[in-house]
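Take this structure, written in C-alpha cells, and hold onto it; I'll ask about it next.
Going in written order, the chains are labelled A, B, C, D, E, F, G and H, and every chain counts its residues from 1.
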C-alpha cells in the first residue's frame, strides 16, 4: 500500500463523502467520519493493517459544488497538512441543472468546474505526497439520460486533469456502470446519487484497488 | 363533470396516493387527505365548483403492493359506500423486485397483479357508479431500464382490464413519459417514484381531464 | 402568459404568502417555497408549461405588516433582481387593531399603509417588467363586521394605487366574497385569514387569471 | 351560592370545556382541569370561599358532538355521582355542517341534538341536585352568517329544554353577542369558537352569576 | 377603577410575575403574558370593562432578585413609558439565603433590598401616574419558620417605602396568612412560593381590590 | 452488618423510594434503582463491603398511598422472595388530605393506614428474615402546621406497629426534625417531601445506622 | 464461496449481532440489518459478487443470553427457513456474572450454556445446509482478568460443539486476541464488547475467511 | 475535618469530575454539581456536618486533557477565589493515545502533563489554603495492559508533585486496584473510566479519608 505510518489522508467532497460526518471536518471517535466510502476505507485499512496507524479525515459537506469546495479548500484541506488528498466533487454541479433548472446560479458549468478542480489539484499537490481524483457519477446506465450525459463531461474533465497532473485516478462512474449490468440502481440508491452501505463499499473497493491495498495482508510479528 | 352533488370518491393505493394522509383512511380537515394527487384534485374541484359538495377520501397506505391493497379493500374501500373508486397500485409490486431482489415474497408477479386488480375492480363495480384505473409508473424515460421495462407489463395490464371492465383509464406512465421530453425526472422526484407537488399536480390534471372537469367553470347564481 | 423563459417572479408578503417557506427568502427544492398560493401557482405553471423554466421566489414572512415588509423590501425583493414582483400585504396592518387593540404600535393606519405600499411599488417598478398588486382580505361576508369594514379601506387603497401605477390588480377580497355566497368561510379557514389548500388554490386561480395563464396549454414539439 | 360543602360539580362538553384537561375525566392537581371556563370557575370559587371544599370535575373531550357526549355520558358523568351537572355541547354539531359539508355524518341535526340533550338532562336529573344548561355559541355578531344563524336553532333548543326541565340556564351566545358590541371577536378567538383566557373568564363570570356566587364574600371566622 | 383608557400597566418582578411569559417583556397574543397573577388581572379587567382598552405588560423574569431587577429596570420597565408600575420582588432575595446558604452572593440583604427597591420606586415615579408595591411572601403560616421570619423584614420594608413614597400597597403576605387559616399551603403551592392558578387568582383579587375594580361593572351603552 | 452474602433487600414505597427507578420493580444496571435513599444505601454498602454481594431492589412507585402499595405488595414485594423488606409509606395518605381536600377518596385515614401497614408487615414477616419500618415524614419543623400535625399520627402508628411486630424501626420524621434545627427545609426540598441527594443521604445514613453498617469496615484479605 | 443464489443466511445473536437492527428480525432496506458484522458481510458480498442474490437476515436482539435466544429460536430463526444459520451468543451469559453479581438469574452457567447451544445447533441442522458457530469474546488480552478467564470456558464449548456437530467454526476471541497485540482494545470498543465499525469489519473478515469468500472475485459476463 | 465554615472547595477536572454538571462551572441547586464524586462528597459533608456551610463548586469539563484544563484554569478555578482546590486530570491525556492513535495532537505526553500540572498547582497554591491532588486512573487490574502501564507514569507524576509541593494526595488508581481484587471492573464501569455511583462513592470515600472527615460526627447543640 502506498501509505506510510502516520500519513494523513483527507477526503474532500460533497454529501457522498460527508454522509453524516462532523462539520466541517470530522475524524476519530464516534460517527465523526460519517458513514460514506471514506469510513469504509478506514475500517478496511485498520482491519487489514493492524500494525499501521493512518489518520483519515472527512472534509465532505453535503450539498457542496466545486465552487463551494474551492472556497473552503484552504481551511478544510490544505491547512490540515495532509500527506494525501482525495477529491470527489461535481455531482451537485450537474444535479442543480436538472432539479432546479430556474436557479442557474446554483449549478456549475463545465468551464468553471475544470477551473475549480484545477485550482484544488494545484493547491493539494503543493503540500501533499499525492492527490487522488475520483469522479462524480450518476447511477444511470442509460447514457442518453439528460443528466447522465451531462455528467460524462465532468467525468472526462476529471480523467483529463488527473492525467495532466499525475494524480491517481478513480473512476466511480465507470465502476457503477459495470455494476448496473448485474443489478438495478435501486439496490444501491433510490435517488441514483447517495449510495447505501453496499454502494459505499463498492466505492471503497474501487478506491483501495488504486492504492495498493491487499485484503489478505498479514503483519509481520 | 361526471360527479354529482354528495358523491363520494375513494382513492385506493400506495404511498403515491397516501402522501402523509391519515391511516388507514383519511378525509376532511387538516392534513387528513395527505399531500398527493387526490388532495390536488379535491382542491381544484372545490375551487372551480363552489356550488358542489363532493366527498373525497384517501385510502392509500405507504408501501402497499396490490396484494396488500386487496387484503384491506373490503374494509378501506367497499365498506365506505363510494360512488366512485379510483385505483393506483403496482409500483411496489415492481420496485421490490429491484431494490430487495433477495426478498422475493416482498414483490408481486404480473400474474398475481392481474388477479389482484381484477378482484378489486369487480368488487368496486358492484357498489360504485364507476371505477377509475390509473397506472403505476416509473419516472424513467429510458424504456430499456430494467425496472421501467418491467413496469410496462403492469401498465399494460391496467389498460387491458380497464378496457375489459369499462373503467375510466388514466395513464400516468404515458403522461410522465411525455413530460420528461421537456424536463429531467429529478425536477419531479429524486427517487423517480414519489412526486413532489409539481408531479402531483401533473397527475391531478391528467386524472381531471378524464372526468369532464372544466377549469373555467362558473356556477350559475 | 406574460412570463418569458427564465423570468424571476418574487412574491412579497406576510404569512399568507409565507406558509412555512424558508426565511427570509425561499425557492427551489423541498418545502422552501412554503405551502401557500405562490407554491400552487408554481405547480400549475410547471405542469402546464413544461417547456418553460421560470424562477418563483417566496419572500413572505409570517406576521409582517406593510411597515415590516417595507423595511426589508430592498434586501428581500429588489436585490433579487426580479422581472416580476407580486405584493400581498395589509392583513396584519388591520388585524392588530382588533386582536390587540391596546398595542397601537402593532398595527398600521390607512395613511401609513398607503405610503408604505407606494414606496414598494415605486421600488419594484424601477427594476421589474411588471408589478402585481393583490389585495389583503378578511374572509367575512358581513361587510358590517368591524374588521371586514376596516379591511375594505385597505383593499380600496390597493385598487387605487394599482390603477395609478399601471400594475396588474388581483382582488382576493372580492374573489372570497363571491365564493362565500356558496360555502361558509370555515371551509377555507377557521380564523378567516390563513387559507387551507382549497383557499390557496382559489387565490392561485385568481392570480393566474390575470397573467394570461392557460390550463390547457400544450407545448409545441 | 347554591353549592354546599363537598358537592361535586361535573362539567360535560367538548373542546370549550376540555381545553387540555386530562382525558376522559380530569380534576385536582396540575393541569388536570384544563384551562377553560371550568378551571376559572374553580379558581374564583376557591379564592372567594376559602371555607368551602367543592369538587370540580372536567368531563370535556375535544371534538365531541352531542352524539359523542351522549355515548359516554353514563361513564364520564353519571357514574361520578355528581351533585351538579353542567352541560355545554352543540358547537361541533353545527360546525361540521360548514367546515366539512360533504361528511354529513360528522354533524348532528337539530332533531338529533334535541333528543340527545333531552336524554342527558333526564339522566343527570335522576342523580344530581341540579342541572346547568349552557348554550353552544358562535362568536359572530352577524346573525345572517350561515353558521351563526344555524347556531341559534341549537341555542333555542337549550333554552326550551332548560325551561321544560327546570334547569339553570346560562346563555353564552347572548353574553358573547353583547360583548362584541364593544370589542371585535378576534380579541377572544381567531376561530370564533375556542376562547382565550379572557373569553373563558367571560364565560365563568356568566356561569357564576347564575349560581349565587359573590365576589366579595368573606368567610366568618 | 383608577385606570384610564389606553393606560399601560407594567408588572415588574420574578418568577411569580413571569410564570412562563415571553422574555424579557411579554404582552398581547398567545401566552406572552404568562400564567401568573398579571394575566388573571388582565382577564378580569377585560371581561368586566369591555369598553376599556388597557395595555398590560409582563416584565417578570424567573429567578430575579431585587438586584437583578434593578439592573434591567431601565430597559424593561422605564423605557416602556408605563402609566402604572407594579413591583413584586424579594422572594429570591430571601430564598437563596436558605436553599443555597453557602452561595452568599446569590442572596440580597435587607439593606441592599431597601436600597434597590427605593431606586426602582423613584425611577418609576418619575415617569408613571402611580406605583403599586406588592410584597414578597412565603406561604408559611408559622411565623417562627426561619425563612418566614426573614421574609417579614422584607415585607415591612415594602410597607414602609410604599407609605414613604405614597404608593398603592398590596400585602400578599398578609393575604396568604389569612387564607391559610382555612386551607393548607399545599392547596396553592408545594414549594410555598409558586402559586397555582387558585393562588394567582387570590393575588389578582387582592391587587384589584386596591385599584377600585368592580366585578359587577356594567358599561353604559 | 446484619445482612449476609446474597441476601435480597426490597424497598417498598412511594415516590421517595422510587425517585426515577424502573417501574414497577427496578434493580441492577443503569438508573434502574432510581436516585433515592435506596440507591445511596446500595452505593455505600458496595463501597464499604467489597467482599459482599447483596441484591437491592426498588419497589417504589410514585404517588402510591398505603392502599396502592398494599394492592401490589404480593406482586412487587413478596413474590421477589426477599430476605429483608423495608417499607416507607404514608406521605401521600396525608398529603392528599391537604392539596386536594375535595377528593376524599384520594387520601387514606389513620384507621385504614394502620390496617394496610399491618397487612404488609404480616405478609413480609412470613417470607423474610426481617422487616424494616421507616416512617413517613413532612419536612416541617412547626409541629402545629396542619399537615405536620396529621403526619405525626401516621409516624406514631409506624412506631407502634414496629414495636408490636419486632421490626427494625427507622424514624425519618425525627431525623429531619433534628436536622432542621441547623438548616432550613429548603436546603433539602422545596416541597418539603421529595429530598434532593443531601436528603437522600441523610435518610440512607439513618437507615444504615440501624442495621449495623460500619463506614470504616475493611475486608479481610 | 459456499453460498448459492437465493440462499438465506440468518444471523442469530445478541447486541453484537443486533447493532440497531429491526426487532425481532431485520433485513432489506434502510437500517433494518443494523450496523454490526452481519451488515458488513452483506455489503462485502454484494459488492464482490454482483451476479449473486443472497438473503441476509439479522435475528440479533440486544441483551440476549443463550437462554433468551433459545426461547425465541423457533420463531426468529427456524421458521424463516434459512439455508445457513450463524450463531454468536454467550457474551451476556458471562457479563452478567460480573456487572450484576447479585442477580444470579441474569447470567447463564457453562452447563446451561452448553445445553442451550446444543439445542440450537440441532434445531438449525434439521433445516439448514450448514451451521456457523462463532464464539463470544471479551476484548481483553489479559487472560487472567476475571471475566476474560470465564469467557474462555464458553469459547471452548463453542469450539467443542462445532467440532462435534460438523459446523463451520469462527473464533472471534482468538481473532481479537491477535489484533490486540498491535492495538489497544479502546481503538475498537470502550466497553470491550460492542465493536465500532473497525471491529465489525474485523469480525466480518474473519467470518468471510471461513466461507470461501474472495475479495477479488470477478463475475463472468 | 480541615474545612472551616464558608470555605469554598473547587473541583477541577475532566468528565470524571463533570458528570453532567453545569458548564463551565456548576454549584448549588438542581443537578448543577453533576453526579460524580464531588457531588457525593458534598452530600456526605452536608449530611454529617449540618452546622457547617461549605461551598462546593464543580469545574470539570468532559473530554478535557491537562492542556485543556490549564487553558481555562485562571477563569474556572483561580478567579473563583477558592480556599481549597482539588485537581483530577490526566485520563484523557492517556486515553487518546490508544483510542485515536493517529491523532497525536489529541493526547498529552508525560513531559507536557508534568509541566501542565505543575503550573496549575502553583497557581492554586498562590490563592488557596491547600491543594488536593487526585490521580487519574484506569480501572484495569492488569498492570501489563498497554494503557494501564502508561497511566502509571501519570499517577507517579501526581504523587511526586504532590510531595514536592506539600499537597494532600489522593491515589484513586491504587484505591481501584485494591477494589478490583474483590469485584470485576464491570461492576463500576463498562469503559473502565466513567464510574457509576458506586465508583463515585468509592472515590468520595477515599477523598474524604484524607481531609479528616468523620462519618459519625455529631454537631454540638
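Just so we're on the same page, a contact is a pair of C-beta atoms (placed from the backbone, for glycine too) under 8 Å apart; a residue touches a chain by one contact, two chains touch by 3 or more.
If you're wondering where the values come from, they're calculated on a predicted model, not measured in any experiment.
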Legend entry - Shortest walk length in steps over touching chains, chain E through to chain G: 2
Inset, instruction - Indicate the lowest number of steps between chain B and chain F, counting one step per move to a touching chain. - result: 2
Inset, instruction - Return the chain pair with more inter-chain C-beta contacts, choosing between E-H and C-D. - result: C-D
Inset, instruction - Measure off the straight-line distance from the CA centroid of chain C to the CA centroid of chain H, and report it in whole Å. - result: 63
Legend entry - Mean-CA-position distance for chain G and chain B (Å): 45
Inset, instruction - List, in ascending order, every residue of chain D touching at least 2 other chains. - result: 99-101, 183, 187
Legend entry - Chains grouped in pairs wherever the two touch, ordered by label: A-B, A-C, A-G, A-H, B-C, B-D, B-G, C-D, C-E, D-E, D-F, E-F, E-H, F-G, F-H, G-H
Legend entry - Touch list for chain F against partner chain H, complex: 39-40, 42-44, 46-48, 50-51, 179, 181-183, 187, 197-198, 200-202, 205, 215-216, 219
Legend entry - Contact set on chain B toward chain G in their complex: 99-104, 106
Inset, instruction - Quick one: which bits of chain E touch chain F in the complex? Just the residue numbers, please. - result: 95, 98-101, 141-142, 144-147, 183-184, 186-187, 190-193
Inset, instruction - Give every residue of chain H touching chain E within the complex, in rising order. - result: 6, 8, 27-29, 53-56
